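Multiple structures are listed underneath, in structure tokens.
In what comes next, subunit A is part of two complexes: it sits with subunit B in the first one and with subunit C in the second one.
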Partner chain A sequence: MPALVEQPGYAQEKLSALTKRVPCRETQASTLLALLGEPEHYSYPSIFIYGHRASGKSHVTESILQELELPHVIVSCVECVSPGLLFEQTLLAFFGPEAPTLLPRAPSLSDFVRVYKQLRAETPASHTRYLVLDRAEVLRDMEANLLPGLLRLQELVDDNVTVILLSEIDWSKFRLNTGCLEPLLVHFPDYSKAELQQILERDYHPAYSPELYGLFISILLGVFYSVCRDLRELRHLAALNFSKFCEPLQRGEVKESDTHKLWKNIEPHLKKAMQTVYLREVSSVQWEQQQQMEDKEAGALKGLSAYAHVELPYYSKFLLIAAYLASYNPARTDRRFFLKHHGKLKKTNFLKKHEKTSNHLLGPKPFPLDRLLAIFYSVVDNRVAPTASIFSQISSLVTLQLLTQVGHDDQLDAPKYKCAVSLDFIQVISRTVSFDIVRYLYDFL
Partner chain B sequence: MATSSVSKGCFVFKPSSKKKKKTLSLEDHFTNSSDDGETATRRFNICQELWDMTKSETGMLQDELNKKILDSLLEFIKRSASSFQSKVNDWASVMRASEIPTAALVLGVNVPDHDMTFQSLSELLQQSVTPFVVSVQAKECAALKHLMQKVLERLMGVDVTMDDDEEDGGQHIAPTHHKRVHCSLSSLCDWYHSVSKKYAGTSPGKKRTSTAKDMPSNPPIVVIFKDLEAFSPRVLQDFIVICSRYVQKLPLMFIFGIATSPSTIQHMLPHSVSSLLCIELFQSLSCTQHLATVIDKLVLNPQFPFKLTGKVLQVLVSIFLYHDFSVRNFIKGFQLALVEHFHSQPLSVLCCSKKEALAHIQTLGHEDVERVRQLPSFMRYVETQEPQKQVELLTKDQCVKEVCQSLLKALRKYHKNYYPILRCLHTLTSSLPKYPLGKQIRELHISCLERNVWETEEYDTAMQLLKLLAKDELVAILQKCVVILSSSESKKMKAAHGQLQSYLAKFDQLDNLSAEELMQDAVSPEKELHKKTDLYQLQKTLLEMKETRRTKKKTPFEVLRNQILEFVDSLVRVHLVPPESKPLNEVCYYGSSGVLRRHLNATPRTSIQTALSNPYCYLQHEGLKTDSSAVSNAAPDICIVYKLHLECGRLINLFDWLEAYSTVVSAAEGKDPDSTDYGKVDELKHARFIQAVSELEFLGFVKATKQKADHVARLTWGGC
Partner chain C sequence: MSKRKSRDSHMTVGQCVSQAQKILRQRFCHQEVSTSPVGLECQHKHLLELLRRTAVHGESNSVLIVGPRGTGKTMLLNYVLKELQEEKDVKSNIMLVHLNGLLQTDDRIALKEITRQLNLENVVGDKVFGSFAENLAFLLEALKKGDRSSSRPVIFVLDEFDLFAHHKNQTLLYNLLDVSQSAQAPVSVVGLTCRLDVLELLEKRVKSRFSHRQIHLLGSLSFSQYLETAASQLSLPPDFPDAKFANEWNTSVKKLCEDKSVEGVLRKHFEGSKDFRSLHTLLLLALSRVTVSNPVIRPGNLLEAGRCSSADSKANILHGVSILELCLIIAMKHLNDIYEGEPFNFQMVHNEFKKFISRKSHSIHNFEKPVVIKAFEHLQQLELIRPVEASSAKIQKDYQLMKLVLDHTQVMEAVQRYPQCPTDVRQWASSAFA
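Let's look at the complex of A and B:
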């Protein structure tokens, strides 16, 4: 029996209900509860909770606040496209539906503080109010004064309020330069394999025994634990694959106790799931349909990345090839590749020191438009008039994200580009126009 | 206009309403530029009629082609929508992470065509699944805020316009427009619940009569991202994350329009985000197939009177293949050709259905008859006639009209026979290795339009290859040809059809038939041998016999195959002659590929250079008309400066340039060359020169250089 979460000031049954809701997170829950103190006490102004995805941060915080019936509001910062939304939601939860109307249009932090103070004077807090900010890392991109202000909200509004920040990033990436109140840091470690097993076992299928489900979960974890520790994702995978696991049982071929046979049946299936549905190559609905079909038709479904082929107009292909060459060849070597009488230049002779590393390892380099066009005209086999559609193809390649424009869009004068496709992709493209790209690449000389 | 102001300044004068120019209608534009009003109107009407026909036909084609993919998409959305409702106490659905159903719609790189597809998709959705369809484009969603705003506005706004109840509409519109701040999904959630409740409550007989029955009680909200690639990944990720928080309450659904490949999704979205989606892939028809069907309907249609010559078709097809892959642009090009033809060719009044054309011939005026006589194809025709007839044709209008009628009929017949034979030849050759006559029928069509196809080398190779076909292959192809010919109504085609069928029947009896029977009319060489008396002749024949004996004796099948191929060859030679040889072809065929190319595939740099080196081309001022490459000294300053700069090397000395410019301009002013201030630089000339040079710099011909202080660098090569 896990240790009970204990904290004076709360009813015992509430605490035990809370303990049930947070399996394997009792230590964190009691730490947090100790920090929060009794409902009437002033708490530390700001608490920062961090830990990986699906390590129970939001769940524990939410459970505590809900079970113990503390006044609170949980705001997802991603959703707050403007700080105004954050303020509104906070006021709405603390002071009722009329409160947000007091805020002016496009409110600033000081407006919020002013309105808050005004409302607090009418309804002062008897219990600590909690403002929980989920995915707090987004706050860094908002106005510069927002995060420091929220950290010392208690001081600013002079009220019994505590801000709890939840994030997947640790605090050192948040730290602001000056005058910022350091919050208390609470870390939520990842669940261990045993803990994952314990949590996953809790939601067994009503039609089957918990032991059978436990067996299934341990097989599942055996396959997936090395690649995925995300509880939510594991739950999802368990739901998708459990019916397959039960198939031999339903057909009456295997008994529940025959673990080896069950394992042999499900293991290859789970391995396949790891390559397809886990990577979202195949959607979960398609995966389920495939399961219902017999094995003879299985494997007909191709994943998303199987369709890498892109059909392009003829000159776009050459433009893309030219862009690739311009991105991966040093500009000095253009003479060597595109001039008829370039003389014999050996690679070793004009190697500069820094060019000894492969350009493909360094990634694409930016190049100006005129270099692109110069290479284009020398690689394309017939004469091409510099028509408007050639230029518009360059910009459509940019919108298709096959090229990227370097610098700002409004640089009309000599724009620079980078080629954003892989070697494999460009090889496929150049094969369709029978152009041997490897011969023109400096790295493969 | 006068003002009462004492100070200098700019004043705005709004045009008074009386003086407003009458806006010209399309028809006025069309008729104004041509000389004869009546036929112009008639031509305009024919043109309009043909274009309407084209438009409706291509629209139908588009719908037909998209039908399959749209249907499967619709199916997917309906299925997902119903799964939203069935989510109750099922163990698996409780356990499963709630994913947003997403359709990845791969449409190909021809972005201009996508609009039509999305248009029909959203119409279809609104009709049969849900009224809540919203489509967003990347360019209007630079930030998450804008994306949210667009989605909310369109969703709630659309519903307001759809509903007839004013009071309700007013209520819904209020939160969005008065308080922008509420731009969050939770407000959408509230809105959705109030609306769907009402939606479920409306009796089907009241407003949405038939459609409402098919729709689920909780219609899903479909968000269409028209161009996924152009969206900022950041915005998209955040939006998906937000939506996934509400997916329990809101039946949201996404459609991603993808131009390149589905792996873009994986490039744009990290696993943490893509795991929130349940992505299913839908691949649309490739644009080349689309083009092939459009060409099949528009170009290879004997009923459609307007035709393109090989060159024009080549221009249109190459723009498609080399530049944009856009079927819409192809149709636009076709439209341009249509309008140009009817606008520039007065005789195009005859380019319409048979009945009308014959009627129009009777109403032709003297001028038009004169035009007919001027047609090169008609002149060639006249030359082949007897002298008596020639004189008649050149003097009597009525005679020309009569001849024209028969010629037009002949032209129509030619078209009726041309297309079935073209299709037959294509079916025969399209399965050959290496496609000697082209893989697509349009390639064969173009080569047939341009020259006598049977004289080309490719045709010979194709025929050689056909002679190697096995029996079952040949029979299968010939059966296809029979089907093609049977759909034709022309007499000659019917005859050809009968002949082919008899050949096919022979194939069936091939086993019973002996080789001799087939070769009965071939003279046997032995008999011939006895006739020869000359020793030399005898030797020659013996040698020939040896040759033939070495080559294997032909089987009955081979004989029959050769006979069939000869028959096909004869059909090709009769019916696939290029249209240029047919009199009056100019009436139906549009051939100025240059005009089309200039309009559709513009070359901005060439136009700038033409404007600078030959200003007369654009300004049309008599004073600027010069011979050869010289520029008149009365030309605009920038042209003179440009001309002078062509004579310089890489670096241009500004002062020398200015001197030269001032000399040229002084000559234009007509000053006495001997006077002292001739060619002297004054303030005005200096200013004009500076302005011209900076214009050149703006156009990218010169730029300032740091190598020498008073020099500029040339950025173009050649000249002089």
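Let's look at the complex of A and C:
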């Protein structure tokens, strides 16, 4: 039995309607409502609600303000490229369509407060007005006086107004140099696994029994819960994969009670979804298309990652390989790798290395052009003349951001480069020219 | 009287609670001043005397009120101004101009605001002024009364005074202080700031025009005074409509403040910060629990409020990360231990994580690298890790150097508190060598 949201000053039906709208968030809703107090009373000047993404911050706030019909405006700070838009939306919601026209062009906080005061004098607030700022972390990047100003808006405009900030970043990251009015902090904890299950089960498919959907959800959570607790993302994944889960049922191969078979059928799909849909490598439409394609021709699902789509000229590939080797191998080992007769080398000394110095942990090192070309000539099969075409290929690799130039751009005689591709990528590239790159990498000896 | 009383007694408990909430909320949220601020008697007298001299005798003056946030600078000033306006020879004589450093971000806006607050917009009209000083002089000239050469005293209140010092050439401050110095018109400049070093921000010519009067509000409150304040802030005023309810409430508040556990909470709060604002926050949190079924503040309410206001928000955020993200944080903690706080990049963290997976883990599966990257990026979004330098396109994402913004104990506590944390992860976190 969930705790009913209770607060004097509001009709009982409205409160019970509110309770229905906020499953598993009843405690948070009632805490928040208690802080807001009765509609005519003053509330704290600013309230800061934080919690993880999709933990119901916006939803609970919105539900309370809408169900109880409190004067409010919800502004998403991401939409407000300038503070002016924020001010306009606020005035529009509080004082009607005429209000924003009073603002000058490109209004400052000072203009906003002036107009607000002027309008407030005509229509004072009988009920607390709420200004909800979603994704409040964006406010930090706007003008420096905006956030502290909004925090003490109640004092500045002398009206019964409360600013509610919603963010997934905790308050300590918002504090300013000289401090500001500290808002009241309210935390929305994440949903537990049972709560997630309960909420996700609510949107079951009418054609199937709720129990079946519940089973599907618990399988889904089993795969994804350790990686992702975002309700919205899980919901998206559930919606995409449920049809696949039902396929054996539709074909009549399996009965609803045969849970093990259903699980065996869906699990590999969910694992694949983790690699593609979850990472946004494919859109949901593409995913659905692939699901259908797969039925016709199995195994045609290769090459989802971006690597497979890069096409480079033959020498560019070798240049990139040479750059990779130059970036990740210490220069002193070049003799060992690329010289036919490298004379005597103490093997023990050569192989002595520490994990700490592994370049695959520390990242690529810059190298001069000469070294790149020297390695290039030794790895490429046939003789290549150092023509302009080679050099222009280097600069096009820089343009493609596969190489980056280090230092100043005006360095013409001895430019330095870094290789900016990952090991997986270079392995794909070297496979196309049948070059075994791992043999030439010092870290993998 | 008796008639009124009989009517009052019909107030239900609900109405009483609602009324009490209204009065107390006005106090805690709107910072309404009803009584003289506690522990600030000396400052109060000083400021009142100063402003009265301006209002009555037309003396010019300038003063700074300095104190940390929430100690009641504005409250004190508002109280003094209210008192001043109630005096009969002051009443309609003085004019007030409120400026706020947050709003008036440059001197042009400030001047416009001054014009508006002095109701001189129509006087100024479309006049064009050569300089700022000329404009201000004109404004003050306009205030002079027709019959005598005396002017109406103007009190300028500059909230967030330090921000005005950042204006170009400090023109506004220079001119205001200059007027207050040269006895052109009776003007008082009252600055409110939380910066103790505010005088260092002023230019030499501005500083020399300032009277160097400062009123410090440095919170010299003792704990017994603090306790008294808390009690008086919570009690209902004598003119509360239902005398019986008010009596009961006030006795319950008295009892509450004598409670040992409540005193503990307040002492902890007091030692954290002794300003009024944070006390109000605490009391509001407790007050919000008062309902019809629970018509008095119980010690439990205050204990909960204390817990609520002192909760570690970082720990709260950590509680909700996924198990993969927690593993990455533990890996970062180990890296921090090994390399003594040197920054790390994603590859190192991933390497550490892979070592754990291959050696000890039974409960955590191996995840694809992109999935791990996504978890890492989420941590960055939550600002639990922070890039050492601003990200540039030139550095690959996996090699961008990062710093963990949590310390050792926070991580360990998070692991302890994490719901259903697998044992091997917990062991990995507590083992000194990964």
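The rule is simple: the second predicted complex is superposed on the first by the 295 of 445 C-alpha atoms of A that agree within 3 Å, B and C clash if a C-alpha of one lies under 4 Å from a C-alpha of the other, contacts with A are read in each partner's own complex, and residues count from 1 in each chain.
The criterion applied here is as follows: a residue touches a chain if its C-beta (ideal position, glycine included) is under 8 Å from a C-beta of that chain, and two chains touch if they have at least 3 such contacts.
Source: prediction; values computed, not measured.
Just subunit B (first), just subunit C (second), both, or neither: which does A:Tyr44 touch?
Only subunit C is touched by A:Tyr44; subunit B is not.
Touch check for A:Leu181: first (subunit B), second (subunit C), both, or neither?
A:Leu181: touches subunit C, not subunit B.
With both complexes superposed on chain A, which partner does A:Gln12 reach: first (subunit B), second (subunit C), both or neither?
Neither partner.
On subunit A, which partner touches more residues: subunit B or subunit C?
C
Which holds for A:Arg232: it touches subunit B only (first), subunit C only (second), both, or neither?
After superposing on A, A:Arg232 lies in contact with subunit B but is clear of subunit C.
Once the structures are superposed on A, label A:Leu279 by its partner contacts, choosing first (subunit B), second (subunit C), both or neither.
In the superposition, A:Leu279 contacts both subunit B and subunit C.
So in the superposed three-chain picture, is A:Asn382 touching just subunit B, just subunit C, both, or none of them (first/second/both/neither)?
neither
Contact-wise, after the overlay, does A:Ser434 reach subunit B, subunit C, both or neither (first, second, both, neither)?
Touch status of A:Ser434: no partner.
Taking the superposition as given, does A:Gln401 touch the first partner, subunit B, the second, subunit C, both, or neither?
Touch partners of A:Gln401: subunit B and subunit C.
Intersection of subunit A residues contacting subunit B with those contacting subunit C?
Touching subunit B and subunit C on subunit A: residues 279, 401.
Given the complex with subunit B, which residues does subunit A contribute to the contact?
Where subunit A meets subunit B, its residues are 53, 76, 78-82, 84-85, 88, 103, 105-106, 203, 205-207, 232-233, 235-236, 238-240, 242-243, 279-280, 283-286, 304-305, 307-316, 385-390, 393, 396, 399-402.
Can you tell me which positions in subunit B touch subunit A when the two form their complex?
Touch residues, subunit B against subunit A: 80, 83, 91-97, 99, 101-102, 104, 106, 108-109, 111, 143-145, 148, 180-185, 227, 229-230, 238, 241-242, 245, 259-267, 271-272, 274-275, 277-281, 283, 286-288, 319-325, 601-606.
Which part of subunit C faces subunit A closely enough to touch in the complex?
Counting only subunit C, the residues touching subunit A are 14, 17-18, 21-22, 25-26, 28-31, 68-70, 74, 100-105, 109, 113, 116, 162-163, 194-195, 277-278, 281, 284-285, 288-289, 291-292, 309, 311, 313-314, 316-317, 319-324, 345, 347-348, 351, 364-365, 367-371, 374-375, 381-383, 393-396, 398-399, 419-420.
In the complex, go through subunit A and note every residue touching subunit C.
Subunit A reaches subunit C through residues 6-9, 31, 34-35, 37-38, 40-45, 50-52, 55, 108-110, 113-114, 143, 145, 148-149, 152, 154-156, 168-173, 178-182, 184-185, 187, 189-190, 192-193, 225-229, 274-275, 278-279, 281, 360-364, 401, 404, 406, 418, 420, 422, 424.
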